[in-house]
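Shared between the two complexes below is chain A, which pairs with chain B and chain C, respectively.
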Partner chain A sequence: MPPQITRLVYLTLAIVAVYFLARGFLVPASFGQYGWYRGNALKEIAALPIRYAGRAACAECHEEAAERLAKGSHQGLSCEACHGPGAAHAEDPAEAAPKPENSRFCLRCHEFNLSRPAKFPQVEADDHFPDQKCAECHAPHSPMQAPEDASKRNAKPVKK
Partner chain B sequence: MFGFFARAAVGAWAVSVLRPVKAVAQKVAQSPVARSAREAIQKAFVTAQTPTGYDVHAHHWAMAIDVERCIGCGLCAEACKGENHVLKEPFYFRTWIERYIIRKPDPRSFELRGETLVDSPNGGIGGFPPSPVRKENILRTFFVPKLCNQCEHSPCIQACPVGATFDSPDGAVLIDKEYCIGCGFCVQACPYGCRFLNPVTKTAEKCTLCYHRITHGLRPACVEVCPTGARIFGDLKDGNEKNPVRVFIENNKVQVLKPHLGTEPRVYYAGLDKEVR
Partner chain C sequence: MPPELRESLLEALQHVQGYIYPNDVSLGWSVVIVVYPYITGLVAGAFILASLVRVFHVKALEPTYRLSLLTALAFLIVAPLPLLVHLGHPERCYEVMMTPHATSPMAIFGFVYAWYLMAVLLLELWFDYRRSFVEWAKASAGFKRLLYRVLTLGVEDVSPAAIQLDEKLGRFITVIGIPSAFLLHGYVGFIFGSVKANPWWGTVLMPIIFIFSAMVSGIALLMFLYLVISRLRRVPVDMGCLRAIGTFLLSALVLDAAVETLDWIHRLYEAEESLEVLVLLASGKLFFSFFLVQVLLGTIAPLAMLGATQVFKERISLRLQKSLYLVSSLLILIGVFAMRWNVVIGGQLFSKSLRGFTTYKIALVGQEGLLMAVVLMILPFLLLIGLVKFFDPWNTRETPPATT
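Right after this comes the complex of A and B.
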């Protein structure tokens, strides 16, 4: 074989070898584990911190509230829908628990809006006892009932 | 001249020989035996890298949305931002709510319905203002929650030049932040407008179905906080009779967004109006 061809063959082999060597170093170990991507990416995404603990975690300690909630018309709600994210509190009870917000918060769902499903309970906030707080008449965990707390029950409807 | 024809002939021959070989190879690679062998090999060598106690091949997550139950409270969009550390500015959303207001048609015209207004102030976080159209002029109005449709044939995966976005075996379309170069092609490719570029990390971002929650046995944050059960989430590989998503899909006539694009979304909508895109 002519020497220039041999040299070309050696050069080609060397380039191919360098390519595979570099590839061995550059391609992450988990590449191709599940498909044409880095398998460790799944683990990294799955390792993000959790902020919402879930209803089951709340019910572990707050049994009474969970039971009351399960009986009322708010039974479909998760605790954290109103109380806010509570994973930190569930992890360590010393961490401050999230607090539900004021009456404005109830209106977020129950303020009248034309686009809401007609069967969903809604109020015109300006017409529906505007000077009172929602919790004076509606127990938040079971809103079709009056609150058990006597201090909140003495409120009277405002006459227009 | 002769050389060209000879090469073309050899090329044609090679293609005609290789095509059946390729087809056979593909069939072999996709056969159940090959798949189980591949999974066995992967399990034998790389179990240390899977999330502990979570088998990606044992799940296939799906989301369903009951449009008629959505009240537009925006809790889902807010919870999503909190859970996934999405930027607070009103134009970065992994999930959001749209309000559709369809006007009545002009009585003198032959049309069935009038103009459609769509708005989503701050993605629905903090609720919606009263309708800008008077009640008498509205034909129909409703809210539609939107999120990544986790397509079976994702245009965003096709568009990514570096293979940073991929379809995980459990039914979520995810982004590898380490690989993403922030070119934004996927943002343009997504027909549902579900992606955005994070100006801090300079990488693309989208709904992961709260992958960090579902791999730990929790529901996505938006499903967790939805007060009316408008969002339904479950595992299609879960044979349990009470599996919420399976029950919902059995009991409702579901459809997907933009079916004509052939993306085969894995987010199923019930009660969808034709105006919803």
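Right after this comes the complex of A and C.
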């Protein structure tokens, strides 16, 4: 055998061996158990740390906020829909409390969008007091009321 | 109707025409997916030009043989990048190779690609360059010496018998390589052609159209590179070589134009229910990129120019011939890009309802923006400069290429 061929055969064998070796390490253990996916996929997801506590958990300690929320038009929302995941704080209140991160995050749900049901309350962000934070006029937990905090209250109180 | 509703409706109506399904409004495959078949086509075309020397003994093309192979390599290395950019999560790309699904053409691409890169292109380059590697290793020092020595894979025999064997094996590889090049690019056409829900794509002619347009674009690229590089190196252009490339380019272009025309004749005569929307598409949304760029500038104009260089060979000056070749190669490169655009973007502009159109607005920045496409198109040329520096395609003497 000429050396060109033997060298290339060795090289090819080495590459193929590396491929199968890599497969040995990189193919997830439960792959193909039931089908073309990881058999453990559900278990792996179930084992992820829990990040949301749920509205009932928040309400245990924050009765006032929960009651207020339950009376206003945001009654259908979960606390963490606005506040963000709070399981760590619910477990141990000394942990930083989840706070809505952006002053205009309300637009995530209320920005005018053709695909939303027409009855859903929506505003054009550019026309609806673009220079102010939403919470200056709407109390987040009861959005048709003005915030109690007078310093936040703006010249334009909300009706009702 | 509330004024806001009216306004948003008007805005949406500017964006779409006719009756369109909601999931047809925005395009899933953007400009980077236009770049992808364009680049693989250039690879296949450049390789086929090289194989003309090896297998069909077209001596006149020898000055571009190694350049063609290096060009194919540079573009092949970049070819998967548009896919990685488009899919995101490049850190997961190995997974498709680890657990490939045999019935998924997209999953098999990894193997088609690996086969073409390792079993065809690198092997052919190795057999051709091995002797040069041995000689360059002897004549250089330091890192370059090490590089060339490693690349010989330890086979340092340069006796006439060994060189002859290299030649023979190289030819053998090329013979395998031609169908492989067809496979690589025919496969890209297959992915589009097998989408039976999309009448613009789903035709059995698609792989063939892709292969011919690949040959056209690859040969045009080599013609362009050869002219530009000769100018940069300040060496005279080998007119025999240029004419030979021109002849092949003309033949490939004629074949390509014929197949694509055949496709249209077939569609027009079949007149399926999708025809109406396709004609509207070609004459409306794609008027500029299809009729003007692809057909007129990218096919008819170069056909006329290349034809002129054949017919009036004796009567027009060499200078004019060179300019005609340069301009027609550029036009063809642009035209084939337009063809990829028309296939990829055009196929997503009309709704599956066959009753309406959407618009594609190309982003400037971002993962799938214009800038990204430009970077992806420049990258193979930068790679090629590096490859040409280290593996000087014209230097078959014993001095290693000067890379400073």
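The rule is short, and it goes like this: the second predicted complex is superposed on the first by the 105 of 160 C-alpha atoms of A that agree within 3 Å, B and C clash if a C-alpha of one lies under 4 Å from a C-alpha of the other, contacts with A are read in each partner's own complex, and residues count from 1 in each chain.
Rule of thumb we're sticking to: a residue touches a chain if its C-beta (ideal position, glycine included) is under 8 Å from a C-beta of that chain, and two chains touch if they have at least 3 such contacts.
Just so it is clear, the structure is predicted and the values come from calculations on it, not from any experiment.
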Just to be sure I read the superposition right, which of the two partners does A:C109 touch: chain B = first, chain C = second, or both, or neither? first
Pick one for A:A22: touches chain B only (first), chain C only (second), both, or neither. second
When the two structures are overlaid on chain A, which partner does A:I50 contact: first (chain B), second (chain C), both, or neither? first
With the two structures laid over each other on chain A, which partner does A:W36 touch: chain B (first), chain C (second), both, or neither? both
Between chain C and chain B, which one touches more residues of chain A when both complexes sit on the common chain A? B
Of the two partner chains, chain B (first) and chain C (second), which one does A:A118 touch, if any: first, second, both, or neither? second
Would you mind listing the overlap between the chain B footprint and the chain C footprint on chain A? 36, 113-114
Can you list the chain C residues touching chain A in their complex? 4-5, 8-9, 12, 94-95, 97-99, 101, 118, 123, 127, 130, 153-155, 157, 162, 165-166, 169
Inside the complex, what are the residues of chain A that reach chain B? 30, 33-52, 54-55, 74, 76-78, 80-81, 85, 107-109, 111, 113-117, 120
Give the list of chain B residues in touch with chain A in this complex. 42, 46, 49-51, 54, 56, 68-75, 79, 82-84, 99-101, 126-128, 130-131, 135, 138, 141-143, 163-164, 166-169, 174, 176-179, 208, 211-213, 215-216, 218-219, 221, 224-229
Chain C-touching residues of chain A, taken from the complex the two chains share: 2-5, 7-8, 11, 15, 19, 22-23, 26-27, 31-32, 36, 112-114, 118, 122, 124
